[in-house]
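Here's the structure we're looking at; comments come further down.
Note that the chains are named A, B and C in the order they appear, and that numbering of residues resets to 1 at the start of each chain.
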Amino acid sequence: MLLSDFTVQNVAAGAALLGVTSGVLGAFAVLRGQSLLGDTLSHAALPGICLGFIIAGSRHLPSLLLGALAAGLAATLLMFLLDHYSRLKTDAILGSVLSVFFAVGVVLLTWIQGQAGTAHGGLESFLFGQAAAILRGDLLLIGSITVAALALVSLFLKELKVTVFDPVFAATLGYPVALIQAVMTMLVAVAVVVGLQLVGVVLMAAMIIAPAVGARQWVNRLEHMLLLAAVLGAVAGVSGALVSSAQRGLSTGPVVVLVACGIAFFSILFAPGRGVVWERQNRWRSSRRLRTRQLLTTMLRLSQEHSDSDYATEEGMLNAYMGLGTRRALRRLESDGLIKHVVHMPEEGSHWMLTGAGREAAERVLRELGRQ
Amino acid sequence: MRAIVVLMALLLSGAASSRMQIVTTTAMIADVARAVAGELAQVRSMMGPGTDPHLYQATPSDIRALQGADLILYNGLLLEGQLGEVLGRFGELKPVIKVVEASMPADRILANSGLAEGSADPHVWMDASLFSLVAPGVADALAGLDAGNAAVYRANADAYVAQLEALHEWIAHSIASIPEEHRILVTAHDAFGYYGAAYGIEVAGIQGLSTETEAAVADIRETVDLVVELSVPTIFVESTINPRTIEAVIEAAQSRGHSVSIGGELYSDAMGAEGGHEGTLIGMLRHNTTAITESLGGEVAQWPAALADWAREWNLP
Amino acid sequence: MAGGSGRLGKGVEPAVRHEPDLAVHVEDLTVSYHSAPVLWDIDLDVPPGVLAAIVGPNGAGKSTLIKAILGLIRPAAGHVYVLGRRIGSVRNRVGYVPQRSTVDWDFPTTVIDVVMMGLYGQLGWIRRPGREHRRRSLAALAQVGMEDFATRQISQLSGGQQQRVFLARALVQDADLYMLDEPMAGVDATTERIIIDLLRQLVARGKTVLVVHHDLQTVTDYFDWMLILNVRVIAQGPVGEVYTGENLKAAYGGRVALLRDAGTKPAGK
C-alpha cells in the first residue's frame, strides 16, 4: 500500500497542500482575468530565491522562501506602478515583469554557480521542483502558510468578492480597492512559495490556473468554486504524488500538473451546463425539437388549408418545405403517436397524417408561438 | 630592414616568454595538467568547487579563456552534459583532448547500470590508479606543442603517476579496514562506481549517474529500503548536491526505526576550495577516504612515504 | 442614515459644511487624461429632490463627471461637495448604479448576492450579511420586479434584468443621492418603465437622482432638471429653461434633430 510509505506520505501531503492553496488562491487570479499572474509571480520568485541564498549564505529553506516572497512583493509593486502610471495593458505588464525578473534570476543563478564555495549545489532544483526530497519540517512550514492564507480568504471573503466582481462599486462603498487587489496578488505569490519546492518555478503557472478553471465549470457560486478548486487541487496533488511514486523515473511535479490540467480539460469538455460537449448536445437537441415542431405545425396548416382533418401529406412535399430530409423526424413523431403512416397508392410514395394527439400537439405549439 | 628584425625579435621573445595556456573543464583534470606542466604552463579550470559538471553551462569568460587556450582538456563520457556543443566547436579550432577516451582502455570503463543502458560512467577520477593514465597522454600532448621541454613533461608525469599509485594503495588498505558488514557507501548520486570497484566497497546512490533529472520518489524509497535492510549506519552528502535528498532518506529510515547519521560531505563531481589541499586530486581522495573509513568504523592506513613530501607541502600530519 | 460602528467611509468631518442646501456642489472641477482635458472648469449646483439628467455627446465627460463626484478620480483642479460634505464622509448616503458593461456577468454569483453587496458598506470589514440584510435585499428586488430571480445565476439575465439588479443594489443602501450611468441604454420597454417609475418614487420621497441619460428625445418626459455637458458646462437648470435648440446645438454641434421641434415653431421665432 503506497500510502503507508513515509516518503510517499510526505510527498502526497505536500502535494495536497499545494493543490489546496493554488486552487483557492488561484481562483481569484482567474476570476480577475489575470490567469498568467501565477506565471509572472513564479518566474519572479527565482531572483528572490537566489538573493535569499546569497544573504543567508546557505540553502536554509525558510530564507529561500522568504526571498521568494519578497521578490513576489517587489513584482506586485512593480506591476501596480506600471498599471497606474504607464499606458501598458495588463498582458504587457505581466509579460514584462515576468521576463525582467526571471532574467535577473538566471543571471544571479549563474553568478552563484561561478562562485567559489560549495554551499550552492541544488539551487537549480527550484526551476522544476524536487518533490521527492520534501521533509516533515517543510510540511510544517507550508502547512502553516496554507492555513494562514485560507483563514485570510475566509475572513475577508466578501471584500474579495466585491473587489473582483465590481471594483468601481467597491470603491464607492469606501473599500481601499487598490490595497485589496494588491493583497490578492500577494496571495498568489504565497501560493507560488508553497508550490515552489514541489513543482518548481516553470510549472507553477499551471497549478494556479487549472484547479480554478476546472471548478468554475461545475458550480455557480464563488464559495462553492473555492471549495471545489481546493478539492480538485488536492486530488491532483495526491494522485500525482501516488502515480509518480509507483514508477521509477517519474518526477512528481510534472505529473501533478498533468493531472490538474487533465481535470481542467475534462471539466471544460464535459461539465453539464457549461461544458463544450454538453452545449453541443444541447444545441443539437434543440434543433431536433424545433424540426419536429415545425413538421407538426406544417402538417396542421396543410390539413387546415385543405379543410380535411385526415389530410395526408406527401413526404416529398415536407422535404421541400423543410429544405432537408425529414424521414428520421417523421419516424420519431410516429413512435410518439403523433402521426400515422398512410399509403394511398404504392407508386405515390409515403404519406403522413396527423393523429388526434398530433393535432392537439400542433395546436398547442401554435398557441405558444402566438403568445410570444 | 633593421626595424623588421627588431620587430621580429620582439615578437618571438614575447611568444617564448609567455607560458602555454591550458584550459580544462573540471578541477580534477586541471590538477593533472598542473602536475605535468609545472611552471611551464598556466592551467585554468572552468568549473570550481561546488559546481555540478552535469549542469554547468559555459559563461562568456569561459569562451574567452577557451579562445586563448593552447590546449583544451575535458573529461568526456557526457560528464559535461551542457558543454558538448561548445567543446565540439573548439575541437575544430584547437588541440582538444577527451582525456578518458584518449588515455583509458575501453574495458576499464564502467557501464551505466541504470535506465540509460549503453552510456558509460564518467566519474573516472575516483580510481586513482585508473585516472593516473591521463598523465602520460597530457605529457605527450604538451610535448607535441613544446618539443623543447618534452623530457620535463614526461618526468613530471611519471612522478605524478607514482604519487597516485601510492595513494591508490593507501585507499585500498584503508577501506579494507572497514568491518565487512558496514562496507557500503551510500551517497546522493552514482558518482562512486569506480571507487567502489577499485577499492572493494559496495556503492549506491539516490540519483543516477547524472543530476540533470530530479530525484524521483522511487529513488528515495529504494535507497531507504537498502539502508534499512542492510542496516547502513552512515550515509554521505556531496558538495555539489543539495543535501535534502539525503536528509529525506534519513528521515524516512528513522520512521522505520532505523537511525542513520550523515558521515560527512564528500567531494564527488568537484573538489574542495581552490588553494587548499582539498583542492587537489590527492587531497580530495584523501578527504573522502578518511571520512568514509572513519564513519563506517574502519581505520585509515599509515600515510605512505611516497606522499610524505606532498603532506609536508600542505602542512599536514 | 444612523451612524454605526464598523462602517467604511470614515474621513474627517469638516467644521464647516459647504453648501448644505445643495445635493451636489461642484466648483472649478477640471479632470484631464494624459494632459487632454476631459472636464474643464465645471461649476455645478444640483438642488435637492430633483430627477436630473446629464446629457452630452460621446466623449463629453459625463461618466467622468459622475466618477469625479464619487471621488473615484482625482481631479486636476476643483472641489466636489456631496450633500454638503466631502464624498468620503457621506459614502453611505450615496448610491451608484454603473453601466452594465463594467462587470463580467459570468462571475459565479446569484442575483441576491449582488444586491447584498450594496449593504457591504454598512457591514464594514469581515462581518457577513445576516437574515435582516437578506430580507432588505429581497425587498429591493421586489421594488424592481425581480424577486423571483433571487437565486438565479447572473449570467442567465437579459440586459434589462441586469440593469434592474444593479438598481436594486443601489436601492438597498437607502441612500439620499443616487447616481446612475446610462441605466436605460439598450434595455427593453418594460425595464425602462420600471426604472423611471422607481426613480420618480425616489424623488417623491425626497431623494435626489442624477442620471447620465443617453436619449435626448425622452429628457423632457422623464426629467425635471438637466445639465448639458461637453467638456465644459453648456447649460444647467430646470429642463423647461435649459432644453433649447440653441443649447443643444452648442453642445452637439448642430447635428441634433429634435422630434419635439418637428412641425412646431422654434422658440423665439
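Quick notes
We take it that a residue touches a chain if its C-beta (ideal position, glycine included) is under 8 Å from a C-beta of that chain, and two chains touch if they have at least 3 such contacts.
Worth saying up front: this structure is predicted, and the values here are computed from it rather than measured.
Chain contacts in this assembly form an open path, with each chain touching only its neighbours along a single line.
Ranked by how far their CA centres sit from the centre of subunit C, the chains are topped by B. Distance between subunit A and subunit B, defined via averaged C-alpha coordinates, is recorded as 50 Å.
A separation of 78 Å divides the Cα centre of subunit B from that of subunit C.
If you average the CA atoms of subunit A and of subunit C, the two centres end up 36 Å from each other.
By the touch rule above, subunit A contacts subunit B in their complex via residues 5-8, 10-11, 59, 110, 113-125, 128-136, 241, 244-253. Listed in rising order, the residues of subunit A touching subunit C in the complex are 31, 33, 87, 155-159, 161-162, 164-166, 168-175, 216, 219-222, 224-225. Here subunit C touches subunit A in the complex through residues 7-10, 34, 67, 70, 72, 88, 91-92, 94, 96, 98, 102-104, 107-110, 113-114, 117, 120-121, 123, 125-126, 128-129, 153, 169, going by the rule given at the top.
Residues of subunit B touching subunit A in their complex: 48-52, 55-57, 59, 115, 213-221, 224, 238-245, 247-248, 251-252, 255-256, 265, 270, 272-274.
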